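First up is the structure itself, then whatever we jot down about it.
Per-chain numbering from 1; labels A, B and C assigned in written order.
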Amino acid sequence: MLDLVGYGAFFLVTALSYAIICLGLNIQWGQTGLFNVGVAGFVAVGAYTSALLTTPPAAARFGGFELPIVAGWIGAMIGAGFCAGLVGAVTLRLRADYLAITTFGIATTIQLVALNTQGLTGGPFGIGFIPRPFAALAERPLAFSTANLALVGVVTLIAFVAVERLARSPWGRVLRAIREDETAAAALGKNPNLYRLQAFVLGGALMGLAGAVQAHFIGFIAPDNYVPALTFQVWAMLIVGGSGNNRGAVVGAVVVWGLWSLTGFAMSAIFPPEQQARAAALQIVAIGVMLAVILLVRPRGLLGERKTVSRYVEAGDEAPP
Amino acid sequence: MTLQFLADGLVMGAMTGLGAIGLTLTYSILRFANFTHGDLISWGAYFTLVLATLIGAALTHDLQPLGPFSFGWPVVVAGVLAMLLTGLLALLLDYVLFGRLRRRGNAIVMVIASFGASLALRSLLEFMFTSEPTYFSRELQIAFPVGAGIRITPDQLCMLGLAGVLVVAMHLLLTRSHIGRAMRAVSENPALARVVGIDVAAVIRTTWLIGGALACAAGVMLGLTVQIRPYMGFDLLLPLFAAAILGGIGSVPGAIAGGLIVGIAESAGVQLIGANYRAAIAFLLLIAVLLVKPTGLFGVRD
Amino acid sequence: MTDAEILAADRLVAGYEPDVPIIRGVSIVVHRGEIVVILGPNGAGKSTLIKAIAGLVPVTAGRIRLAGQDITSVPAHRIVHQGLAFVPQTDNVFTAMTVDENLELSGHILPQARRRRQIEAMCDLFPDLAAQRRSAAGRLSGGQRQMLAIARGLMIEPVVLMLDEPSAGLSPKLVQSCFAKLAEIRQSGVTILLVEQNARAALAIGDRAYVLADGQNRHEAAAEALASDPTVARLYLGGMAAAPQGEANP
C-alpha cells in the first residue's frame, strides 16, 4: 500500500514537473507561435544551474555553493531565462522551420557541453547529491512523498495561475495578435520582436524551473536525461492536451506521462530484464506512433483551442453591444 | 596540424553532401524541414546489412572482398536493393503520415510529426538491432599515402568516386531530363506546374524515392567507412541541415558544396578542439549562414 | 465564324471552401474561333470562373464541357491534355528557368519534334522573346514576361486559350500590343476566353462578352453593343455593383 502511494506520488510529481515545462512551451508556441524544438536544452540549463548552486563542493568541478534549494530554483529560472534571451535575440527573427532547426541545434550543443566539460558539469557522470526538499523527512517515506507532492503541486499551481493571468492580460492579447498577423500588430505600434523575446524568455525560465524541480526530486542528473526524446515528450504532451491552452498543457502532461508509464509497465512485463534496453526503445516507438495518430485524427488535442473570431460571433446572430 | 583533415573532411563531406541532396530536394519540393531524413540514412545502412547477410548466407562458398576494398559483391547488390527499399520506406512515410498532414496545409505540424517519426524510426532500429555498433565486414583497411602527408583507405576512395558519380547523375537528371524540370517547376510554383500539365503527386512520389535512395547510399558509405548503429543518421542531421541550407535549399550543387564545406570544417575543427564537439561545429556554421545569408550559396528560392 | 460550341459552363457553382461558393450558378458558352470576354466588378467571381474551368478551384455543382466532352471532374494537370490552356494573372512563368526551359516544359505533352517546331513558332510570334531565349524568366521585363506567359500557354497548340487579366500591371502601350497579339492569335484559329478589368481594350477585340456580378450572370451581349452601352459604362467605369436585368440590345 505504501509502495503504491509512494509510486503515485512519484508519478504525480514527475507529471507535474512536465506540466510546468508544457506551460513554458505553451507560452512560446501556443501563445506566440515560436517553434522551439530545443526544449530539452533549457530544461538542462535549469537543472544544472540549480544543481551547481545547491550541491556541496566536488573535486575538480566548478560550483557546489551549497545554497538553499530556493536559491537554486530561482537561479535555474534566471539561468534558463538568460539562455533563452541570448538564443532568442539571435534567432527569433528566423522563420518557423529555421527556428526549429536552430533550437534543435542549440539543445544538441547544450547536451554536448554538459557531456564533455567535466570541469563544469561533471561530464558523463553528471551531478549527484542534489539536496532534496524536506530531506529531514526522508526516514518517513509517506510523509516525504506527500510533502514533495504538495510542494510541486503548489509550484505548478502558481505557475499555472501566473501563466493564465498573463494569457488573459493585454500582454497576452498582443502575443496572440503577433502570432496571427504580425504586420497588423506592428502597425498598432507593438514591437513584435520585443514581445516574442519576452515570451521566449518566460517560457525558457519555466522550463528551467521544471528542470530544477526534477533534479531536486531525483537527487541526481546526467546529460543523458536531456535528449531529443524529452523535447518530443513535451511536444506530445502539449499537442495531446491541446496547444494554446494552459489547462490542456497540464492535462496533456498527466495523460502522456500516464501513457508513458503504462507502456513502461507493459514493456517490463513482456520483456525479460536483460532486454530492458530494447524494451525502452519500443516504448519510444509507441509514443512516436501515438503522437502521429493524434496529429492525424485530432490535431486540436483533448482541450484544443477553438478558433474564435470574436466572443460576439457564436452560433447565433446576436449583435454586439 | 597535418593536411589529413582534408582527406577525412572530403570523405565525410561527400557523405554529408549525398544525404543533403535528398534533404534539399524534399525540403524545396515538399516545403518542410524533414527531421526523418537522418533516420532514412540509418535504415538504408541496416537494410543493406540485412540483405547482404542474407545473400552471404544463401551462398555456399566463401566470399572474398572485391579487390582492395573491404566489401564483397553481396554488399554492392544489397546496397542497390536497399536504395529501392529505403525509397519505398520514404514513400510509405509520406503515404501514412506526411501526405495526409500536407493536405491539411500545416507545415509546422509536419515538422513536429517528422520529429516524432524520426524518434520512432531510430528507436525501432534500436529495438531490432540493439544500440551496439556493427560493421559490414571485419576486414581491416590499411590507409595508403597519397602525398602531402595525407593517407586514405581504398574504401574511402571508392566512396568518393561513388558519391561523385551519384552527384553528376543527379545534376544531369535535374537539368536535362523532363522529370528534373518538372521537379524544379513544382519546387518553384506547384499551381503553375499543374497548369502546364505536371502531375504534382507523381513528382512528389519521385522526390521521396530519390531522397530515400540517396540517403541509403550515404548510409552505406557511412557504414563502410565508420560503423553502423541506430543513431548514425540522426547524429548527422545537424550537419545535413547545415549543408543543405548553406548550399541553398533546392540546389543540388549547393548541397554537395555545402556538404564538403561542413565536412572539411568539422574535420579541421576536430583537429583543433577534439572530436567531442563535432556536431557543434556544424551547428555554428548553420547559425552563421542563417544570420548572414539565409538563401545560401546557390539559393534558388527563399 | 462558326456556331460550333467549343467550351461551355453550365450553372457552375464553385469556391475554395465547399460551403462558401464564390460563383453561384454561372453559365457561359464559347464558340469556335471566338474571343469571349468576361467582365464584372471586383469580387464578381470572374477569376474564380476561369480557374474553376482550369480545374484549380473545386466545383460543387454544374458541368463544364469542352468540345462536347464533360471535363468537370478532370484534375488540373490533365486539363492541358484536353487542349485547354490557362494563363494565370500572376506567377505565370517559372522565374528560375530560362525562356527556353519554360517553353520546353510547357510543351512536354507534345512529342519532341512537334515541341521543337512549336518553340520556333513561338519565337516567330514573339520576336522579343526570341532574343532572350537563354535568359532566366525572372530577368524579363513585365511586358516580356506576359508575352512568355502567353507563349507558354500556346505551346500545347490549344483549342481554347484562357487568360486571367492579361493586361494587369502593363503600361497602356503594352496593353495595346498585348491585345493586338491576342487578335493575331485568334486569326491562327485559337479560341480565346478572356477575363478582364480593362473593359474597353478587351471589348475592342472581343466578339461577345458576359458580365458577372456577385458570382452570377448579369448580362450577355455582343462586344460592340456592350462597348457603346451607357448603362454598362456606368456599371464598370462608375463602379456600381448591381445592374438591372435584360437590357435591350440594339
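Keep in mind that, in the parts below, contacts are C-beta pairs under 8 Å (C-beta built on N, C-alpha and C of every residue); 3 or more make two chains touch, one makes a residue touch a chain.
In this text the structure is predicted, and so the values were computed from the model without any measurement.
**Q** Using only alpha carbons, which chain's centroid is the nearest to the whole structure's centroid?
**A** B
**Q** Starting from the Cα centroid of chain B, hunt down the chain whose centroid lies farthest away.
**A** C
**Q** Between chain B and chain C, tell me the centre distance in angstrom, where each centre is the average of that chain's C-alpha atoms.
**A** 44
**Q** Quick one: chain A and chain B, Cα centre-to-centre, how many Å?
**A** 32
**Q** Please tell me the distance, in whole Å, between the geometric centres of chain A and chain C computed from their C-alpha atoms.
**A** Here the centre of chain C sits 55 Å away from the centre of chain A.
**Q** Report the residues of chain B in contact with chain A in the complex, numbered from low to high.
**A** Residues of chain B touching chain A: 32-33, 35, 96-97, 100-101, 104, 106-109, 111-113, 115-117, 119-121, 123-124, 126-127, 130-131, 237-238, 241, 245, 276-277, 279-280, 282-283, 286-287, 290-291, 294.
**Q** Mind listing the chain B positions that touch chain C in their complex?
**A** 178, 181-182, 184-185, 188-189, 191-200, 300-301
**Q** In the complex of these two chains, what residues of chain A are touching chain B?
**A** 35, 37, 90-91, 94, 96-98, 100-102, 104-106, 108-109, 112-113, 115-116, 228-229, 231-232, 235-236, 239, 277-279, 281-285, 287-289, 291-292, 295-296, 299
**Q** So in the complex, the part of chain C that touches chain B is made up of which residues?
**A** 54-56, 75-81, 86, 88, 91-97, 101, 104-106, 108-109, 152, 156
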